[in-house]
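One structure is given below, encoded as structure tokens.
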Amino acid sequence: MITIYKNEGGSTQIVDRVDPAWIQPGSGVSVWVDLDQPTPEESRVLSDVFQFHELAIEDALSELHHPKIESYGDYLYLILHGIDFSASEHCFTTKDIDFFLGAQFLVTVHPGVSRSIGKIGAVCSRDARILGEGPGMLLYRIIDTMVDNYRPEVEKLSERLDELEDEVFEKPNTQLARLILNFKKDISSLRQVVLPQRDAVGRLARREFPLISEQLAYGFRDVHDHLVRLSDEAMFFQDRITSILDAHLSAVSNQLNQVMKVLTIIATLFMPLTVLTGVYGMNVPLPHLPGGERAQFWWILGMMLAMSGTMLVYFRRKHWI
Amino acid sequence: MITIYKNEGGSTQIVDRVDPAWIQPGSGVSVWVDLDQPTPEESRVLSDVFQFHELAIEDALSELHHPKIESYGDYLYLILHGIDFSASEHCFTTKDIDFFLGAQFLVTVHPGVSRSIGKIGAVCSRDARILGEGPGMLLYRIIDTMVDNYRPEVEKLSERLDELEDEVFEKPNTQLARLILNFKKDISSLRQVVLPQRDAVGRLARREFPLISEQLAYGFRDVHDHLVRLSDEAMFFQDRITSILDAHLSAVSNQLNQVMKVLTIIATLFMPLTVLTGVYGMNVPLPHLPGGERAQFWWILGMMLAMSGTMLVYFRRKHWI
Amino acid sequence: MITIYKNEGGSTQIVDRVDPAWIQPGSGVSVWVDLDQPTPEESRVLSDVFQFHELAIEDALSELHHPKIESYGDYLYLILHGIDFSASEHCFTTKDIDFFLGAQFLVTVHPGVSRSIGKIGAVCSRDARILGEGPGMLLYRIIDTMVDNYRPEVEKLSERLDELEDEVFEKPNTQLARLILNFKKDISSLRQVVLPQRDAVGRLARREFPLISEQLAYGFRDVHDHLVRLSDEAMFFQDRITSILDAHLSAVSNQLNQVMKVLTIIATLFMPLTVLTGVYGMNVPLPHLPGGERAQFWWILGMMLAMSGTMLVYFRRKHWI
Amino acid sequence: MITIYKNEGGSTQIVDRVDPAWIQPGSGVSVWVDLDQPTPEESRVLSDVFQFHELAIEDALSELHHPKIESYGDYLYLILHGIDFSASEHCFTTKDIDFFLGAQFLVTVHPGVSRSIGKIGAVCSRDARILGEGPGMLLYRIIDTMVDNYRPEVEKLSERLDELEDEVFEKPNTQLARLILNFKKDISSLRQVVLPQRDAVGRLARREFPLISEQLAYGFRDVHDHLVRLSDEAMFFQDRITSILDAHLSAVSNQLNQVMKVLTIIATLFMPLTVLTGVYGMNVPLPHLPGGERAQFWWILGMMLAMSGTMLVYFRRKHWI
Amino acid sequence: MITIYKNEGGSTQIVDRVDPAWIQPGSGVSVWVDLDQPTPEESRVLSDVFQFHELAIEDALSELHHPKIESYGDYLYLILHGIDFSASEHCFTTKDIDFFLGAQFLVTVHPGVSRSIGKIGAVCSRDARILGEGPGMLLYRIIDTMVDNYRPEVEKLSERLDELEDEVFEKPNTQLARLILNFKKDISSLRQVVLPQRDAVGRLARREFPLISEQLAYGFRDVHDHLVRLSDEAMFFQDRITSILDAHLSAVSNQLNQVMKVLTIIATLFMPLTVLTGVYGMNVPLPHLPGGERAQFWWILGMMLAMSGTMLVYFRRKHWI
């Protein structure tokens, strides 16, 4: 689907096609072309009207690209990643949005609905001033919205980390190790996606490209700041998940310790008793304990209790029970 | 709450409002505006009188920002973190204090009482010379106090580390692993907070901004030095806590070793005895041992003691007991 | 085998020998000399006709070189690694392809058939325009094809990683540790091969050499981008395989836990019963339990069941069974 | 204690006070002021005569500072750490020595006796040429001696590492883990102290300060070289101690393995025998083995030996015994 | 021993002493002075004739120096490390060779026989052209030979790594952990020696010193390349040995698992049997099983087999046997 917003002389309209004259520097027109899962027909506008470099168009139409920014002389080509809200609840995925920024135009290409672009698009139709501030400002607004969408996802990851940490100490099991592993992958994805975005937006904030005005740079500096914070958090999460895996190993070892203590206590209590009953079961004359025939049993029972009692005192001393 | 200190012609007064004329470069007036949890009403001074950049004001009024320094032309915007003394004893937390430094003014914004600012504020009211040295010197004094407040917290962390280390070897248990994990989080927080502050103050110390005089830079170099030391210590702590976790794992394994040795000793001592008593309990004629009927029992007892003795010698040789 | 493609005035021919006049800058001729496992005879063209530096020729004819790029004044010497499809299925190997790029010529040297060169060679014979675009463009096409060949190999590694991860949790065993180790070596090889290639192509993309036109640089920037992505993936894989090894250790420990629980349950259930039967097997008068002679056995059986039942309740509480 | 060495016209004297005229650049006098644990009275020379910056004096008189070098215009302020020979044998500690270097003077401040300064001071009194070479050369001599003092300490650490390594394999125990932990702390201290010294002396060697002549820089380059070597060794030690901790964990696990093998062998040997004797102890008619009544026992004994023998052969096969 | 090669007017002679006139820039003479374990007498040539800097001579005559390169104006001082072939087979050691390179001379100092220098020396005596190419070319030839000598040592390390890897999985034991530890030390030594050499030769290759001609730089670039490869391999080895240690820990844990499974199987098989025989050994009237007196035993035997069979089926299901 293709949507074209055109701002000229203070009013914004949605138009059908782009006039090549509009996109000449100094034309006084601001154009925003949004390509949402474009058909080959629709995507022809990139080469025919805007005459973007063939390799940039190829990248924009394919998927699976890393965030980056590239200058092609009069225009910038930028790939960023937005949260993929259509993905499953339990994992962190993103999809790439491509931007072409010129003096008079912004072109956005994305594979399917994007919340941030939808939101800015709606504002744009209502409020003529938005596009009137120029395509750079528009780009800033979209990126700002995209980066803000990371916040709730990162909060979710943080909560899941807290839960994992509790679980590790409460009921360590193999399934948990698997959860931890999956979690690590999510955090790696977050880092892999945030770091190059931070660098790309950082280049905008440092005004490496003449297209970016000083006023605009303050905005990108703010977005860059949010991305720095996100990447710091990703690194912090990675640190925590590694510690959690270590703690898990420690918890499993401790559990083994507990099991072995039970076994050792049981064996230590009952083995001597077995030998004692064995002795009195032998078919040889045994020395008589004091008292009559009937007292024998109680003597033996006494010995058994004494032995068990001694053991229990020993274990208590060792803080095993 | 808003407090405004004004120094002009050698005397410092607390005034009600800021005259825009005072903050013009070369006005000869030094102004310090302190906003403590400002109401929306109070915070309007930032935009109306000082005309700070909208994004900087937004950052200053919200929380959860990383330490950073940014130049907006005539003024600097600085975020630092002070120790949060209102937080629980057992964890390390900080809160951010925001600074706007101009040629004639310093504006501080903080969410709730700050010890450092309270202290400098008190001095400022008593001693006119403090504000008379200019807003840059005032900023240095506040930052110096803030950074000095880290020292006791870091000492506390260091002591807790020593305690943990002792405990790991004395009574390893799962609860300890949890403590270690929490500790790691505290140390990570310390690093996350100190590192960007070190870099921000480092930029002041290297005089990257024309607002900072050479004399002032010597002061910031000193603060920077303290922050370098703090960040070195944070890294050293991180190293130690990792070693402690490793030592904990080793202690748990050793404990298991001890438990297993007890079990093995018990089993090895009593199992042969069980077999021996079993043999003499069999309902088949057994070969007579030398001596009469009554001697049989003593012979068996002798065999038992001999077997146990041999085992004990063996264990002693292996240094198990 | 030596193949020489010559393009002059819009048509491409395969010729027998290289005329030194063709390779003079500004000759208007584009020459591509491909040396596939050259005989000493064939490789003499490098020194006699092209007069390359002796050390570069030595490197080109020997194997086992790391990817690199070097400028020798009028020509560039480049070593890259292509996937070695002749190698075994189960491991990742590459072979080096050497390039000499001049203003009018491209020389490629490789030890045995190369898919990428074969493919471009076939296109070159059919389509005169390919070589007509100049040797730089030809180099770009070959490198682009070589780097695209990494993609399926990387996907294969990714799938094997997923399989390993499943296996670790399903049936941990020593053999698995060995697989993980071998896998790590493959990933290291991938990194070792991709990283220097990324840097070499990056230097082409940044136009560090005057031979590379701006148009060509856009192409190399694209290839560089793919190599950046490959090296990111290699690092991500390395991270994952390390986590898998950790998870493997955790799984083995958990398995031990399970085994020990079975042992402890068995011992705890049966040891007390042994003592009980031992007591009733003693050759001393035992106190009579209520009921007649025949009731004794059922009393004892009842005691046994009660003891076992208590134990089972205890284990259930501890979530062992 | 304060000692003042003054060199003028080829002779060195110990004098009582410093004449401010001497320390003017180009005065032709070389002065060395050594402050050993100075009283507040003595330390006043720093501010009154030399007029050093207040913050530098504060640093010089307090302790616990990291090595660093700072330029204050006409003079350099340098903090280095010397081995603290007064500390306990079993741990690595250092104390800081502060230097102020000007064109005509060197001021040293240290908390208590310093071997290096004592040594150079003794030479200085005897040999007038030493101070005659200027304060820079004197600084070089002191630093050179200080750095040379690290060598035996590092050798001691290296020997302790070798011992630890032997012990880990000979008698692994928890106490060892503690030793390893303490050792790690010592190595960390070494690194923490050597690294910033290396960087500070490196800045002297690279002649970043105009006070350092080319001839002097050769000397500092040599000291820098020794510090590079020390920091390399510290890193190497850190690597080794980490490996030793890993090896310790492996040794503990192996020990557990040995214990468990003993237990398993004992249990496997005696459990079947217990069952056999139990069978022949049952109060039911048992099938007669061939031979008379008396042969029964020997048959049973034979069965026991056969069972034990089979087990032993099995264990031997598994390389357990 | 001192050997002096002099080349003048196309012929090379071995001479007795060095004429200071020869070593003046532009003298047209090339001199190579080789000092093999020089006596104090012989080493005086360094200071008397060449007038090298005192600290460089001190370094050259002592041992235990890290590879480095330093410029002293008209001459370069270079320390490299060659393989020490006189050392034991089982560990990796090197010895340092010192070079002084001037416009007309090369001085080499080494503690005892060096294979590379011996080899180049022999060639030099036979072929006048070698020294005729100038001292820089001679230096390149010696370094090239030295670096080539690393190759077989590295191959040996690689083979030992493969062997270790096999052993870890075949027979894990504590001795192996020790071997791994020693191996790590060798790899660390390799890295410690190769990395600074790579950097030193890199500086020659980048022509940081005017003494190095462009032609010579191509040669050093080639040597640098070999050193880069060596340092990459050292890092790769370090990675592998760490994985091997991890795998060793995993193998030891697995072995423990196996031992514990045997114990559990034995205990689970025989404990119930013990209880059963205990029951039939009790001195109380037991309920009669169907059939006559003699059938009782066979009933019991049947119960025993049924119990054991059930257990074995259970273990088979769990894949323990």
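Read from first to last, the chains carry the letters A, B, C, D and E; within each, the first residue is number 1.
Heads up, the rule we're going with is that contacts are C-beta pairs under 8 Å (C-beta built on N, C-alpha and C of every residue); 3 or more make two chains touch, one makes a residue touch a chain.
Keep in mind the model is a prediction, meaning the values are calculated, not measured.
Participant: Any idea what the CA-fit rotation angle from chain B to chain C is, to the nearest 5 degrees?
Facilitator: To map chain B onto chain C, rotate by about 145 degrees.
Participant: In angstrom, rounded to a whole number, how far apart do the mean CA points of chain B and chain D lie?
Facilitator: The mean C-alpha positions of chain B and chain D differ by 25 Å.
Participant: Express in whole angstrom the distance between the two chain centres, defined as the mean CA positions of chain B and chain E.
Facilitator: The separation of the two C-alpha centroids amounts to 40 Å.
Participant: Give me the residue numbers in chain A that touch at least two other chains, ranges are fine.
Facilitator: 249, 253, 256, 260, 263, 267, 271, 274, 278, 281-283, 286
Participant: Between the chains shown, work out who touches whom and classify the graph as line, ring, star, complete or other.
Facilitator: ring
Participant: Applying the stated contact rule, could you write out the chains in ring order, opening with chain A and then chain B?
Facilitator: Cycle of chains, anchored at chain A and oriented toward chain B: A, B, D, E, C.
Participant: Mind pulling up the chain E residues that touch chain D in the complex?
Facilitator: Chain E reaches chain D through residues 53, 55, 59, 65-66, 68, 70, 72, 171, 173-175, 177-178, 180-181, 184-185, 188, 192, 245, 248-249, 252-253, 255-256, 259-260, 262-263, 266-267, 270-271, 273-274, 276-278, 280-283, 286, 293-294, 296-297, 300.
Participant: Can you list the chain D residues touching chain E in their complex?
Facilitator: Residues of chain D touching chain E: 165, 169, 218-219, 221-222, 225, 228-229, 232, 236, 239-240, 243-244, 246-247, 249-251, 253-254, 256-257, 260-261, 263-264, 267-268, 271-272, 274-275, 278-279, 281-287, 319-320.
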